[in-house]
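This is the structure I want to talk about, given as structure tokens.
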């Protein structure tokens, strides 16, 4: 349920409504808008008495949210959400490029990569410290050491960074170091992990699972918002299909679909979405043209020596060209590269 | 097999090689390039004696084509193919917008549509005369009458038109009226039909089947070239996936994949690829950004009264905006709208 | 629309209703049942006056058929359909095994294969004379010669045979020789071909396309019944999915789904559905256990020398074991092997 | 790497080899066979010196395992694995039926269900205490209270039970109460959870993810074996496809594929695999016919009142009929119902 407040509702009135909702055993979510505030009510504690709520001072009306997801729905919040990540805005007019290696491999590798990302025009760094690997015998990441090197890379360049977390333990660690926590595609429906990072004070990058429907993606995001973390960015990274010439099939139809149903920003990851270095540029540009809020790509100072995903990592020079092209395409759709 | 001729090979030398190949029971395909000519040899008549061929005047060498498809392969012809359709070039530097209604419904409807397409900046008209319909009880198209009205629409506007053919009979009719024949997605592996239109003198628009792999698509095109029709344009129109928020899932990864493996042009059809009017614009722009050579979209003077596919047809005003945006995105990737 | 006749309706009454329907510009389909006759009305000529029809002698009532497909629907005909193919019943209590090579390669090959099928307990022979091949350079079948050899194989063994047709020409030829015509998976939505074989006097085996939904399959069958051929058997042969350990993914869920929605028999083809010889037996048994009316499998006297699909063809000895096992599983689900 | 011991190798020799492998920084897995013992060597610590190992007393030879998964591979252990769950054998000659409600809802519900499962001939009980739900607002299970009631149901009937775990916390709890822990489809690639339950002393039921390839499934199982838990049973529960008439598409091709590549037992879950009560019986029988080692189905004393998945839950009477039919089909493929 959504409680719509008067335009001139005072802070006390808003607070009083929230307290009343909580007193009734539900969760209340303050959703400020440009003209007025709404309060989202969630919980599985049975229905709430609408007459009671509508009689409170400052309340205009209550509305049922028709979708299974509530807080992520555009019904609940018609305006686009912008998420601030260490000073970088995701979801506003400008589009963002996040780049960096699949895995952090050494201090030198990640600092060099960060400098190359910055020089190419990227606004954020990516780098894996904890790696979910298909095989138990594959390289699983360098853990906290990698996080420390990422912090050094940030210190050298000023680029905030995002890193994947796999469980409570890695989330607690990453919370101390990182600017944004990533939930990987294989954990999109790991509801325990979603509930844990919902309590984080850092923004979340939530990747769509390779077989997730749009409703499942938005419900996964709902776990985060319902748990109190409203700073969520979605990310399309390719779905499983019969197509055999690329590792995954990028589903760009999801971009306008998300924009219609939700107020959350959405990025794409054309590196995983294609699995081939030569396809990253065209699909990055396609994503921007389709209306997404930025792209995250893999770049490695020396892709041929990368410990993971080298075949889909860009060379530094290619990243530079990609970002210039992203800027041009962004302008063609009345946006711009975030600088 | 591919026979590479000397740069200065004379027409007689080329003709002599072709005759020798045919004398040996194979088909020979003349493939002129910017610097020299190649001759493609196809057929399932067993291997050919390479020494014999290489001893002919003007021959530099012979090469085995490693792909199962031969004439469509970039190995065979490294340069992009440009297909001329009634004066419109598909596959060159400029990108083309083809638009029009799903079905031709009346003289007035198609002439009005053509005028609107022209005014919006479209270069070609589409309109169905023969409709493959899932249900035997659905509207199956107006046949030859529709073709005559399309000719009138062309006369009024100068726009060449493409129309789908379903069998020998409709292909023979369309050959007399249309500028380009379309093989629909459901007929992509109708090899009898492919062999028939291979003998047509009109260029062919070949749509990818909803479950076709890239190799199947290129092999379907190979049927056309092997049959003697080299003016083939491919078209991505969405694949079947589990995704449930759009009628089909557009697979834009296929664009760079086709460009790598083949010299043929490729368009997309975001109307069928999304099945929703509101998604056509973003996916059209995404297609152009990904490197395709144009888009084909459904537009109807009055979508709400369309006899088929109204929900995915653009309003005339939307087409205009789409074409303007296509132009801007095309320029962002160093191309331009064909005018 | 469905017109339900009185139980004691006379032939004249039935004939009079049919004539009235035709006089009104619609098609009428006589659907005899065990207790009473129904008359299906199809066509896209606008609605029909129900009051007029219900006033005719012998008519109990008219019913709207809610599905897009009408004549194939179980609403229209609640009783299972049994299709007679040269004396073999498909769709009754007994389950049928159809076997034979992918392609007819020689007189000796097909006669030997037929003898082996018969000896193993198979009731019908399969063999391709016209082959739809992904590549234009692959073996395309021996055409009418193959049909003549199939007739010889039938003469030697008494086994009726089914063979695929690709177009009007092959359908006309096969009509003269074969006991059942097959529409292959790639032609399931070739509506021109469906309309042609609808006029055939031979029963039709209609294979599900690799990306066809159930509704599309039933609508394809509707083309056959609406065109006047009521002897239709469906066949599941695997769908396209991301699964990479078998050529296709057999969708056995379709069997109970078809049985619920339609009265038509359904077989499966585990040879194409798996693409691996070692998987044919388990999936054939699974199909029978799931309730299908039989299986069609590829067997070759010498799979290692087959001109097509050798890797998925059974050895004669394997066919024998398969048929024995099919019999046991059929009995476990209260059916039996057709003998 | 696999170390093959002599047939008469003594326990000391085996122990000495294991210690040497560990001393070299690798993990050693004792794999007893009917005629001789093998020792699997895993770890990502670089290659091991084969000459050194082959010189140890009792060692016949070392072998490289060619698959990315090692311990689950049939190369490593040619004989079928049988997993004992509270006295019930899974993976031997007999097939097992596991049944029970989606969620434990009350003491009475689960005890009644257990009695009904027992009476119908089931050997194990299923029941959810911790539920992974798409929506944060859906019923999430009763937790430890549910486990206690499951223990009561076991005490009343003697049926061991399996229950899903979601994280460290639920796994620790379930370890104390349950006979088998289930990893749900959405957690199949939750490698942290896999590593945690690998240390459990309870057998694991590992469900295939809805978009998991066979290699991903076997690698997920490899996490369990590499972590020291060798009692693993796989479970097919339907994949995501375009098919729209069932909630998921059961992929029975995976059964012979697993049997070829791995020694682990495999069950199917036709309740989730179809999502429709009326399809559970035919697909359960199909699974048995295809060679799986049993089925797990949802049954509820009153499906119409179930708090989750009621539409796919069997009525007690239907379960009885299912188990009788499973027995008949099992016998038809030379197996039998476990009693």
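The first chain written gets the first letter, and so on, giving A, B, C and D; residue counts start at 1 in each chain.
Simple rule for what comes next: contacts are C-beta pairs under 8 Å (C-beta built on N, C-alpha and C of every residue); 3 or more make two chains touch, one makes a residue touch a chain.
Note that the structure is predicted; figures quoted are calculated from it, not measured.
Peer 1: Consider the two chain pairs A-B and B-C; indicate the one with the greater count of contacting C-beta pairs.
Peer 2: A-B
Peer 1: With chain centres set to the mean of the C-alpha atoms, which chain is at the far end from chain A?
Peer 2: C
Peer 1: Determine the centre-to-centre distance between chain A and chain B, using the mean Cα coordinates as centres, and give it in whole Å.
Peer 2: 38
Peer 1: Could you put a whole-Å number on the gap between the CA centroids of chain B and chain C?
Peer 2: 34
Peer 1: What residues in chain B touch two or more of the other chains?
Peer 2: Within chain B, the residues that touch at least two other chains are 211, 215, 239-242.
Peer 1: Contact residues on chain B for chain C in the complex?
Peer 2: 42-44, 68-70, 132-140, 166-168, 186-187, 189-193, 195, 209-211, 215-216, 219, 222-223, 226-227, 239-240
Peer 1: Name, in rising order, each residue of chain D that touches chain B in their complex.
Peer 2: Residues of chain D touching chain B: 240-242.
Peer 1: Enumerate the contact residues on chain C facing chain D in the complex.
Peer 2: 211, 213-215, 239, 241-246, 249-257, 260, 273-274, 278-279, 282-283, 285-291, 325, 328-329, 331-333
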